[in-house]
Amino acid sequence: MSGEVIGVWIGAILTLGIFSFLYKDNPFYKFSEALFVGISAGYWFVVTFWQYFVPKFWDNLALAYSELLTKGRVDYHWIYLLGGFFGVLMLLRLVPKIGWLSRWSLAFIVGTTAGLQFTRYLESNGIRQVVGTIKPLLVSGNMNATIGNIIIVVGTFCGLIYFFFSKEHKGAFGGAARVGIWFIMITFGAFFGYTVMSRMSLLIGRMDYLFGIWLGLY
Amino acid sequence: MSKRENVTKARAGKSVTLDLSFLFLIFLALFLLFGQSILAEEVPTAQEEIAIPKDSVLPVPPTNVIAKDIPNDKGGAITISWERSADDGGGAKNVTGYEILRSTKRDEGYEHIGNVPPGATSFSDNVTKDKVLYFYKIRAISPTGTSESEPSAPAFSKRQWFDFSRLSLFILSLIIGFAIFYFIEKAKSEKGLFIRKIAGLEAVDDAVGRATEMGRKIIFIPGIMDMDSMQTIAGVTILGRVAKLAAEYEAKLEVPVSKSLVMVTCREVVKEAYLNAGRPDAYNDDMVYYLTDDQFAYAAALDGIFLRDRPAAVFLQGQFYAEALILAETANSVGAIQIAGTAMPTQLPFFVAACDYTLIGEELFAASAYLSKDPKLLGSLKGQDVGKFIFLLAILIGVVFLTLNSVLGLNLPDLRELFKGI
Amino acid sequence: MNETTNQEKKTFWEKLLSIDRRIIFLFIAVAISVPLFFKTSLDMPVSPVVQEVYNAIDKLRAGSKVLVSFDYDPSSMPELQPMAESFFRQCFRKNLKVIIMGLWPQGPLQANIALEQVFKDEDIKAKNLQYGIDYVNLGFTAGNEVVIDRMGHDFRESYPADSRGTPLSEIPLMKGVRNYDNIDLILNLSAGYPGTMEWVQYAVDVFHVKLAAGNTAVQAPSMYPYIQTGQLAGVLGGMKGGAEYEIAIKNPAKAVSYMFSQAIAHAVICFFIIIGNIAFFSLRKKKTS
Amino acid sequence: MRREVPLVLTAIVGITMIIAHFIPPLNILKNLFEDWFFIIAAFAIYLGILNLILINGDKIYKKQKGWPFGVVVILGFLVITVIGIFFSGGKSFQDPGTPFYYIYMNLYYPLSATMFALLAFFVASASYRAFRARNVEASMLLGAAFILMLGRVPIGYWVSAGLGHALAYAADWIMDFPQTAGQRAIMIGIALGVVSSALRVILGLERAYSAGE
C-alpha cells in the first residue's frame, strides 16, 4: 500500500470517527476528538513558529546581530527585542506571583486593535454604507430601480432606528423600529438560507471523499 | 432586583442631543466643503496629443503619458500612466511590450528603468529622489522596431505630512469621537440617562437564578476570538456582571475559552466579580479554563461538556463563526436557557432561532455598558446615538436632494460628493 | 369519540416534534449521498452578481495583471476549489497575468492544487504558460489585513520574495508592479477572516482598486451591501455561485455536478421546516382551543 | 504600576494607530507596532498550548475520568510539533511531500473538514426543531430563508418554471434589496458600536482586559 492509500484510509476512518458522534457520544468519537485537539494545537504551534515567530522576531534580530558583527553598528532592528519582551511577559501568566505583568502585553494588543478598527469600521462599514444609501427615490422610466432604491433607503433608515438606545421605541419612532427589525429579519433569513447551502456543500465534499475517493464507488 | 435603579429617565422636552447634532452637522458640512478645496490638488496637465501618422514599419507610439507623485505616501515614488499604442491589441497587433524611460531633463539623458508587457498602461517608479523633477517616456517595442512617446510633464515625488485624501474621515472621526466624549463627560455630572430596555439583558437574572435552583452549571462562552476583538471585550465585560450574579446566588459558573489571553482576562474579571460580591473564597482559577485554539476542536469539546454536564444556562457572548450553530443547537437539546449576543450577522439567525434571547449587533456593545450601569459607559451609548443621528440625517438630506433633483429637475448638491475623497 | 381523536392527534404531533434527531440526520445523509451516484448536469441561469464577476475579468485586455488571493483552507474546498479552477481557466484563456498570494497559511497551497488541475486542460496546456512570466505564486505572509495594507504601499513590504524565494525584482511579471496601482483586478477567494471584507476595507476603500470575490455561501450575503456601493464588482456565493460561474465560462465541472445533491438537500430541509411548523401550529391550536 | 501601565500603554498605542492613519510618516511606528502585535500573538498562542498540555498532564497524573484521551491529546501534539519543527524542511514545512504536509492532509484536514460537515446535520435538526413562524418577525425570517433555499438551487428554477422562474428571480431580488438594506443597518450599527468601544478602551473606561488586582 502506498503512503497515499494509507493516508486516505486514515482520513476515512477519522471521518467516520467524527461522524459517529451523530449516533451518540462514544469512545471512537472521543478518540478522534482528542486527536483533533492535540493535532490542531500542534498544527498552530508549528504554523505560528515558522510564520510569526521566526520571520517577525527571529529574522529581525538575526539581521540586527549580523549588522553588529559585520559593520559594528547598532541597527534599529534591535527594537524587536522589545516586542519579544512583551511576548515573554505574556508567558509570565503561568508564574502566579508576577502573572499580572502579562496584562501589559494584553494592553498593547488591545490598544493596537482599538486603534486600527476605529478608523476602518467608521470608513468601510459606516460612511461608505451611508453614502451607498443616498439614492434618489425616483428613477424615471425604471420601475425596478425606483422600487429597489425605496426599499434600500427605507430599510436602512428604519433598521438604524431600531438600534437607537437612548430613545424609547414608541409611537412613530417605535413603528419605524419595527419596520427596521423586519428588514433585519429578512437579512437573517438570507443568512440562514445561504448557511444551509454552505453546510450542505461541505457535507457533499465529505460524502464525495468517502464514497468517491475512499471506496471508489462511482 | 430592579435592573434600572440608576438608569432613570432624562428630562423630557427639547433634546439637547438634537441641537448639538445639528451643530455638528453644520460643522461637518463646512469642514468637508473646506476639505474638498484643499483636496483639489493640481494635476499635471497632459501633454498635447500629437497625431503621428501611422508608420507601416514602426508601432504607433503610446500617447498621453502622465507622471505624478503617488499621493499621500511617505515619498520616493512616482506613478506613470499612458494610453496604449494603437498597435497594441489593435492595428498591427505587434506590440510586444513597453519600456519605461526616465530623465531629469526633458530632451536628453533618458535611462531605461523598467519593462511592462503589452496591454499595460501604468508603471510605478519606486526609486525616486524626493523633490527632484523627472520626465518620463514610454517606448513601444515590436519586432519591427520601437517608437517613443512624447515626454511627460515633469513630476516629483514628495512626502506628505497629512493624508488629505482622508480629511473627511478625519473630521467625522473627530465629530463622533467628540460626541461620545462629550456625553461621557456629561453623564459624569448629570444623572439619569435613559437607555431603552434590552430584552436579553433583562433575562440574565432569571437564567442565573434558574441555574441556582436546579443546582446545575452556568456556562459562559466569550466567543472564539482573541482579546483583540471588540466583541470579545464586550463579552468579557458581560461576563463580569454574570459572574457577580453567580457569586451572589452561589451558582456554579464555568468559562471554557479558546484563547489563552481570553482565559487570562476572564480569570481576572471573574475573580474581581467574586471579590466584589464578597465571595472571594468561592472563586478558583479552574472556573475559567482553556480548551484549544482550533475552532472545531473547541466546538467539539464544548459539545461534550454540554452533553455531559447539562448546564442550566448557557451564555454565548462574543464573536462566533460556524461553531455558533453547533453550540446553540446542542445547548438547546439539553434544555439550557440560552442568552446569546454577537455582532456576526452570519451567525445571528441561528442564535435568533435556537436561543431564548439574542443581542443583535450593536446591542452586544451596548450590553456591556448597560450591565455595568456605569454612567460614563451609558454616556458613550448616547454618543453612539448621536453618530447614528448624523448618519440618518445625512441619508435623509441626501435622499431628499437627489429625489428632488430627479423629480423636479433641480440641481441640489449631491452629498455623496463630500465623501468621494476617502 | 371526539375526545379520543384529539388525544391521538396530540400525541402524534408531539411525537413528531420530539422525534429522535438521528432520524433527521439519516434523512440528510441519504439526501446528500444518493444523488452523488447520478452523474447529472443541471441547467441553471447565471445570476447577475456572478455575471458581474465574469464580466470584470472578461473586460480586461490580454496582458492585464490580476492578483488572486487565496484566503481559505481545505475545510472549505468543496465550495471554493471549483471557483479557483474556473478563475484560472478564465484568466489564462484571456491571456491575463496572474499573481497568486494567500492570507491563510494553506491558501497558496490550494492555488497550486487548482493550477495542477487547470494545466491539464488541452487549450491551457497548449499555451505553455511560464512561471514568473504568466503567473507567479507569492505564497503566504502572516499579518492578515496588515499585509493588505502594506501591499498598498509596496508589495515588497509584505512580499520581498515569491514562494520559491526569488526576489520580486528578479521576476519578469513583477517588474513595474509596485502596489495596487499596477494591478488591474483583484480576485479574492475567502472562507472567513481575513477575507473579502478585509480586502474591501483595506485595499478597495484605501487604495481604490477593483475587486471581485468568491465566497463560501455563509459569507456571501454580507457582501451584497458592498456590491451595491460598488466597493465590490461581484461575488460568487458558495457552490451554487461556483456552478453558475462554471456555466458562465462555458466549462461545467465539479460544482455543476454537485448541484443535484445540493438541490435535494435543500428540498429536504424545507420539508423539515414545513413539518416542524405544521406540528407546532397544530399543537398551539390545540392548546388555545 | 499594575493598573496604570496597561491603561497608559493602551491609550498611547491606540491613539498612535489612529493618528498614523492620517499622517503617512507615522507609518513606520504603525508597522513596528503591528509586527510586535504578531510577536505577542505568537506568544499568546504558545501560552494557550502550554495551558492545554498542563491541563491534560494534570488529568493523566491524577488519573481523572477519560485520562487516556489526555494521552492522545499530548501525543498528537508532540508528534506533529516535532515533525513540523525539525523534520519538515524549516520554513517550507507546508510544501507537498513533507511529513508535516502528509499529516496535515490525512489527519488534520479530514478531521477539521468533517467537523465542518457535522454542521449540515445540525442545521437540519435546528431547522426542524427551532425554526418556527412564532410571530411576524420569525415568519419574515423563515419566508426569506425559504425563498432563498429553493430559489438558489435548480429545484426552485424548475418548480417556478411556469411562472417565468419567479422563485429564482425572487431570490436574487431579496438578496439585492431588502437583504442589503437590513444588512446595511446592522453594519452601520456595528461600525458605531466598534468606534465607541474602541474609544472607551482608549480612554480607559472599558478596562475589562486590565481588570484585577
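To keep things simple, chains are lettered A, B, C and D as they appear, and every chain counts its residues starting from 1.
Here is the rule we go by: contacts are C-beta pairs under 8 Å (C-beta built on N, C-alpha and C of every residue); 3 or more make two chains touch, one makes a residue touch a chain.
All of these numbers come straight from a predicted model, not from anything done at the bench.
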Touching chain A and also chain B, the following chains: C, D
Interface ranked first by C-beta contact pairs: A-D
Geometric centre distance via CA averages, chain D-chain B, whole Å: 16
Cα-centroid distance, chain A relative to chain D, in whole angstrom: 3
Distance from the mean Cα position of chain C to that of chain B, given in whole angstrom: 23
Chain D residues counted as touching two or more neighbouring chains: 18, 21, 27, 34, 37-38, 41, 44-45, 47-52, 104-105, 109, 111-113, 115-116, 118-121, 123, 125, 127, 129, 131, 138, 141-142, 145-146, 149, 152-153, 175-176, 179-180, 183-184, 186-190, 192, 194-195, 197-199, 201, 209, 212
Where chain C touches two or more other chains, by residue: 21, 25, 28-29, 32, 75-77, 105, 142, 153, 205, 218, 221-222, 225, 228, 237, 240, 262, 265-266, 269
Residue list for chain B, restricted to those that touch at least two other chains: 73-74, 169, 173, 176, 226-228, 230, 233, 260-261, 264-265, 268, 291-294, 296-297, 300, 322, 325, 345-346, 349-350, 352-353, 360-362, 366, 381, 384, 387-388, 391, 422
Chain contact topology (line, ring, star, complete or other): complete
Residues of chain B touching chain A in the complex: 10, 17, 168-169, 172-173, 176, 193-196, 198, 226-230, 233, 260-261, 264-265, 268, 291-294, 296-297, 300-301, 303-304, 307-308, 325, 345-346, 348-350, 352-353, 360-363, 366, 381-382, 384-385, 387-388, 391-392, 394-396, 398-399, 402-403, 405-407, 414-416, 419, 422
Chain D-facing residues of chain B, complex: 72-74, 159-163, 166, 169-170, 173, 176-177, 180-181, 184, 226-228, 230, 233-234, 236-237, 240, 259-261, 263-265, 268-269, 271-272, 289-294, 296-297, 299-300, 322, 325-326, 328-330, 332, 343, 345, 349-350, 352-354, 360-362, 364-366, 368-369, 374, 376-377, 380-381, 383-384, 387-388, 391
Residue numbers on chain A that touch chain D, as the complex places them: 3, 6-8, 10-12, 14-15, 18-19, 21-22, 30-46, 48-50, 52-54, 56-57, 60, 79-80, 82-84, 86-88, 90-91, 93-94, 100, 103-119, 121-122, 124-126, 129-130, 132-133, 147-148, 151-156, 158-160, 162-163, 180-190, 192-197, 199-200, 202-203, 205-206, 209
Touch list for chain C against partner chain B, complex: 21, 61-65, 97, 153-154, 172, 175-179, 181-182, 192, 205, 218-219, 221-222
Footprint of chain B on chain D - complex, ascending: 18, 21-25, 27, 37, 41, 44-45, 47-52, 55, 111-112, 115-116, 118-119, 122-123, 125-126, 129-131, 138, 141, 145, 183, 186-190, 192-201, 203, 205-206, 208-209, 211-212
